[in-house]
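Below you'll find the structures, each written out as structure tokens.
Note that subunit A is present in both complexes that follow, paired respectively with subunit B and with subunit C.
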Partner chain A sequence: MKLQEYTVSKHNFEECMKCTVCTVYCPVLQVNPLYPGPKQAGPDGERLRLKDPFFFNYALKYCLNCKRCEVACPSGVGIADLIQASRIKYDRTRPKLRDRILASTDLMGSFSRPFAPVVNAVTGLGVTKTALDATLKIDHRRSFPKYSGRGFESWLRKRAEEQAAFPEQVAYYHGCYVNYNNPALGKDLVKVLNALGVGVQLLEKEKCCGIAMITNGMSETATRHAKHNVEIIRKAVAGKGLTVVTTSSSCTLTLRDEYPKLLGVDNADVRESVLMAVRYVFERLEAGATLRFKPGFHKKVAYHVPCHMERLGWGVFSERLLRMIPGVEFTLLDSACCGIAGTYGFKKENYEASQAIGAPLFEQIRSVDPEVVACDCETCKWQIEMSTGYRVENPISILAEAIEI
Partner chain B sequence: MNTREFDVIILGGGITGAGTQRDCAMRGLRTLLIERSDIATGATGRNHGLLHSGARYAVNDPESAAECIRENLILRRIASHCVEETDGLFITLPEDDLAYQQTFTDACRAAGIGAEIIDPDLARRLEPSVNPALTGAVRVPDGSVDPFRLCAANMLDAKLRGGQVRLHTEVTGFIREADAIVGVHTRNRQTGACEDFFAPVVVNACGIWGQHIAALAGVGINMYPAKGALLIFAHRINRMVINRCRKPSNADILVPGDTVCVIGTTSTRIPFEECDHVAVTPEEVTLLVTEGALLAPALSSTRILRAYAGVRPLVSSDDDPTGRNISRGIVCLDHESRDGLKGFVTITGGKLMTYRLMAEIATDAVCRKLGVERACETATTPLPGSEERSYEAVARKIWEAPSMAQKAAAARMGTGVSRIRSGKRSDEALICECEEVSVGEINSAIDHLEVSTLTDLRRRTRVGMGTCQGEFCACRAAGLLARAHGCVEREREDLSDFLQERWKGNFPIGWGDTLREAEYTQWVYKHVLGL
Partner chain C sequence: MRFDTVIIGGGLAGLVAGISLQKEGRSTAIVSAGQNALHFFSGSFESLEEAPQRLSELFGEAGIRLHYCSGIRLMPLGTFRPAALSLEDVSLFETPGFARKALIVNFAGYHDFFTSFLAEGLEKAGIACRIQALDLPELERIQASPSEMRSVQIARTMDRIWEKVVREVGALLGDEDTVILPQVFGLRDITVPGRIRQAMPARVVFVGTLPPSVPGIRTQALLKRRYEVLGGTYLSGDEVLEADLEDGTVQSVATRNLGTHRLLAEDFILASGGYFSKGLRSNPFRIWEPVFGLDVDFAGDRTAWYDPAFAADQPYMAYGVKTDASLHPLLDGMPVKNLYAVGSVLGATRPEFGSGAGLAVRSAFRAVDAILKEEAL
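Up next, the complex of A and B:
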């Protein structure tokens, strides 16, 4: 036995040197004095919680799970993981009806999609917003994502044969957003990948990644989803030798990191095969593949790196891809949280904080005044579009617009 | 306040002295406690913090075992804010003789200790950190106790009953009248001021240093200094106390206490002159980690926070070279009958667990000498802070939604948390982030608990006891102390001393994250703050 050769602790909480740099990077702490901050809520609080669950602090619900603390930490402490894990373990409040509704993105999607025009019109009404605010405490100032009448899954399924003809194949984890709200993004991805000679397949009945369930106290449902998703990803990866590509940074972080770290669902054998499409495309281009760009294309693009993209460390792939497009006038926005954090900003009690967190980013976007803001996260898109009026597109969509086929 | 005359003077601010002062004060005596350093600086603060069930002594020393379990049950009642009722396991490993388990359990039952043989599977479920290879387990009513808090609560109660306390004050000699001790000469070690105090009885409760005090009084006691080294790990890995079910040996008790856990101990005879300068050796560290990992394998990969050593105040009664077979029994010497010296009583031997009984015995002796007839009530009267048994109830009574720091304060102070001045937002600011100690709690300790240095403050509040070892809290707390004492210069020196003392405990285990943290602390204080 080699003693003390290395030390281990759950989520590395003992590696914390108390340097406090995480608290500087925490967007919540700057706007909400009720939040104890990542250091106290994470590694400091963990030592007390190990003594007695009584020390669990309900103010931990103010954590956005943006993971900026983890990006900042020089010691590799899983600060946000510690906070979310302790919420899963100790928070005994049952999720409210509102939180269940907000967290069930797939259920809401399959319910709303057949009536999309009606749902979109109704959720856009002032009277609906007032009613939702009064009954469910979903803030009335919030705009709701629009639903799409036709889902992405059925669109792609109809093209399965055509896609299978491509010499190379990937599987696409599209997520709830592409399927129910924005099938155009999925179609854009198919366009880009086809241009590279790659066909796109669906996974075998993917489920919502569950990130909103994790943060809304529904970890058991999230775990069921996780087990299912890892199983179907495994079939695609191990069974068919496919890479699984994605277009949502939060779904990707969940599939790769939250599953093993927060839900205890082992994905070690497939984790490295789940990639953001921007990374996949960038690596193909680096390896010699080429895309033909439209001549005379011009676009002023400001790129916002979503928090979970920062955590993945992959913002650089979107940046490099966008800069590669001839005619793109590129600005990299300062790294900052937009404040929405999935379902967080929809809640009445968080609205003010959410907008205050995003304010500097909104200000910078206005001063850059781009034609379009690029961003890999759908909830950032809703937040930025609602708060600034600027259009937001996934980098893949901008790439799709710029290429010729 | 300026009186120099008392009914009894107690020497030694360890748990025995503080307990004796409380008992004497409860019996209506005018008391003075004198301590050359701070409370709980000797063996009181340098042990496991184990609320012994007595099981460890059951086979070899049934008398001590029976004392332990009686006091164990009393402390749960009177000192609930210092005690954690964790229960304990005595585990048998494959290399141990399982037959010993029966001998052990029988002895426990004979001593009145509720020991129950449980299935190893149940033990693994109750205590997930336990060595899974165990072949047997016995559950006993062990627990953990915070000796600093216990000592401070006794001192506070004595003060509330009119007792006086002189810390950082050493006895330089005794004042005699014929064949009687009638007082002491003292010198304050911080200010150099010399004072005399008078009382018809002086109690020597100085633990291992009692030998020196007795010599000053002209009588002889032979103490048996046995060093024990311990390691503190940076977080709690176990919920229950874990012991080895075999004859007592090295490093076979792992105690969870507050936010940490402690493995110990070793036992080495040392010369009396070394009592003031005990250090932990690399061999001791290796032994503690190696043996400790047999109790709970996680210890071999858990960050170590500090190493420390204490000296057991055993009274020499035979020439056993290991010091383990000496009785932990209580020794109360009336020097009038023993040596013909009136007005002088020594209370020694014993252990943290039996401090209250020791105090009772000593106070009985004092009362006999003074002709006071009043029964001891310490076994039934809760210490200040322990009027309510659960800290959760304390916190909920005061705050609707207590913050982590408020919860932590309630856990440390019990009902005494009401002593914290409140109302100002600034009182809620955190001084110590690792242990969640607020400005209000620090100020309350300064107001009520005889604090003159940062190290004193640490013993009363846990400031600087967390993983950062003073990195962030020390300078903040120093600021509060400087304000309270109105002296910045002295506080700068105190801050240096404090950090030096923290480093002393880090040094023997200075590797990995603890070393990184110490380097960082040095960078903050030396290079940023220019200390």
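Up next, the complex of A and C:
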């Protein structure tokens, strides 16, 4: 009916029928009584906020943006989107220095990388942690990600010619983490794709996807990044006919879904061309490509589906790839949030909640006792490694380790 | 991605079908568009004359024990209904006068459990009742946010402190022979309700609360885990948007999350639920099935859809997709050969299947049998 087409509410909030299912799956509601919960913070609160912005509740900052409410909702309401959109619209507090620092993953990376050994040593010190806790309220119990001395971008740029020689090409949106903290993951991706006869190109000066800026009150900067990134992705997709592959589930969700839904940056023409590398690799193998696996490879792997991978609905590709590696003993961990949620768990006020949210997952990992936990998200990796002592690797890295070239 | 069977819908019907097929060595995927009616599950399966043994076995292997006796069970508003195959949370009685005196205990600040209705109903059955509220400091945290004081929030605390609750309720007990508690126990640990029954110095009866249903959520989690342990692929929060048909058979389906990556299979099961789950959609003029556009059985005259008496059986609840005798749904009058419709999408009141949970399970088993038989040929 025509009339109904014109009455679709923003983020579908009028579709909420108050069934309360979202409240069952909200990890924050289970541990933090100050948080009003997804139903109240999302569609219920939206009715009030539309009447009068006075009803905006600052406790919405406790939302992890894990999107588990949306995965659970039987009515297709964009609950987490409603919450984040209302924070963008109504929250008038300026982000604190700490939040600006935590959110500026690219800036921090470019500062820290040239001094990586020093930075890594200093952030590992108890005294530094105490100081950061006292001055910036970054929790002292947190371990900091290590920086890498050489960035991934310069590594790949040096190999541009060699990569261009491959018969097929993709562009790689590597994100801040691969560039500044873990170039090894980027190299692993190049190894796997090269083994499939695919060369890897950089995008034309990618910027941080901006996910941490969105949740830290810096949506204007995030929007600038979004416009830039969509533009360079468009050049790769429309200009060169390339697929853009990624290795971080949160960057991917941001590029594909948060840009149009939260920042109003239209990406409809390129969205379908931005794929997690695990999906791209799976599709190549399904279409008949083959990889040669090392004989005698053995690894006990437990796979944790990160929240944003769950929202993308693509955990199945990582699962399938890991299961097809000969010698992998595979366990799928129960669907649960690890509690870190990007910058959230670094904040002093969230530390306890963050660890309490992750506790059931940590417990299950200990009982499975794998050699390695597989996971498509860098912040989950930090959280799980810090909280359990188990090593965490991206499925692409495990695949790279298992193949022969 | 290719499977033997793709199941559209991850509720009771979809999970029962998925588990049964995986057990027989078939590869399956379940596409689940959000959570489902198990979150409103009473804990009982009605009209399951054919299936109890088979269902008990399937549930047992998932770690869920079922029981049955011919008699009655106590409903949340103090009325009784005939007993049915039930989760162990549900107490079954031979007669309404199952006790002499009952102590009904609620938690202070919890509004989704109706103690006075219960007392009224039980007193009609000759059971004297006393109502007590338990004010626990452990619940203060969730009491702070009254709109969030729901069954599942309380259940999370109870998982930790149920032993203390047993002691405190024990202390409240006078000469009552029965204690009635809201069904908020054993969210993560299914053994808790049984251990409470053992530890309490009186008979314990758990009674359903307003949603979400704690035993239902636990059932969903255990069945999903069982399905995944058997190697099934459960796609959470995804939705089938359209299907590709050739010569009256379904070739593949497309989902919102997977986009151009279609799901291919030999057989498809439509377990997408009723109006709530959007397995059936409606507007003021028609009722339709959104994935395949299947034939739906409904009255042309809209005034016949509903009965103005609110509590009466509403005709629209009986509407569902039309099928042949083998549960193949009809599309423009012709059965779709490799598609089976199960659960609430069939319409909630097909008397031959029983209602709700019973319909889900029996129709799912029938579809599974048809798929396995067809492969054997």
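Here is the rule we go by: the second predicted complex is superposed on the first by the 399 of 405 C-alpha atoms of A that agree within 3 Å, B and C clash if a C-alpha of one lies under 4 Å from a C-alpha of the other, contacts with A are read in each partner's own complex, and residues count from 1 in each chain.
Here, a residue touches a chain if its C-beta (ideal position, glycine included) is under 8 Å from a C-beta of that chain, and two chains touch if they have at least 3 such contacts.
Quick caveat: nothing in here was measured; it's all calculated off a predicted structure.
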Original post:
Does subunit B (first) or subunit C (second) touch A:Arg150, or do both, or does neither?
Top reply: neither
Original post:
What is the contact status of A:Val71 with respect to subunit B (first) and subunit C (second): first, second, both, or neither?
Top reply: second
**OP:** Report for A:Cys19: first if it touches subunit B alone, second if subunit C alone, otherwise both or neither.
**Re:** both
**OP:** Answer with first, second, both or neither: which of subunit B and subunit C does A:Leu48 touch in the superposed model?
**Re:** first
**OP:** For A:Lys240, select first, second, both or neither according to whether it touches subunit B, subunit C, the two together, or no partner.
**Re:** neither
Original post:
After lining up the shared chain so the two structures overlap, which partner does A:Asn57 touch, if you call subunit B first and subunit C second: first, second, both or neither?
Top reply: first
Original post:
Of the two partner chains, subunit B (first) and subunit C (second), which one does A:Pro36 touch, if any: first, second, both, or neither?
Top reply: both
Original post:
After lining up the shared chain so the two structures overlap, which partner does A:Val8 touch, if you call subunit B first and subunit C second: first, second, both or neither?
Top reply: first
Original post:
Looking at subunit A, which of its residues have contacts with both subunit B and subunit C?
Top reply: 1, 4, 17, 19-20, 36, 40
Original post:
For subunit A, which residues count as touching subunit C in their complex?
Top reply: 1, 4, 17, 19-21, 23-25, 29-30, 33, 36-37, 40, 70-76, 272, 279, 283, 286, 310-314, 316, 319-320, 332, 334-335
Subject >> For the subunit C and subunit A complex, residues of the former touching the latter >> reply: 1, 29, 33-36, 39-40, 141-142, 144-145, 147-148, 150, 152-153, 156, 211-212, 217, 225, 228, 233, 235-239, 255-261, 276-278, 283-285
Subject >> Residues of subunit A defined as touching subunit B within the complex >> reply: 1-9, 13-20, 36, 39-40, 44-48, 50-52, 54-55, 57-59
Subject >> subunit B residues within the subunit A interface of the complex >> reply: 234-236, 256, 258-260, 286, 289-290, 293, 300-304, 391-392, 401, 403-404, 407-408, 411, 430, 433-434, 436, 466-468, 471-472, 511-513, 516-517, 520
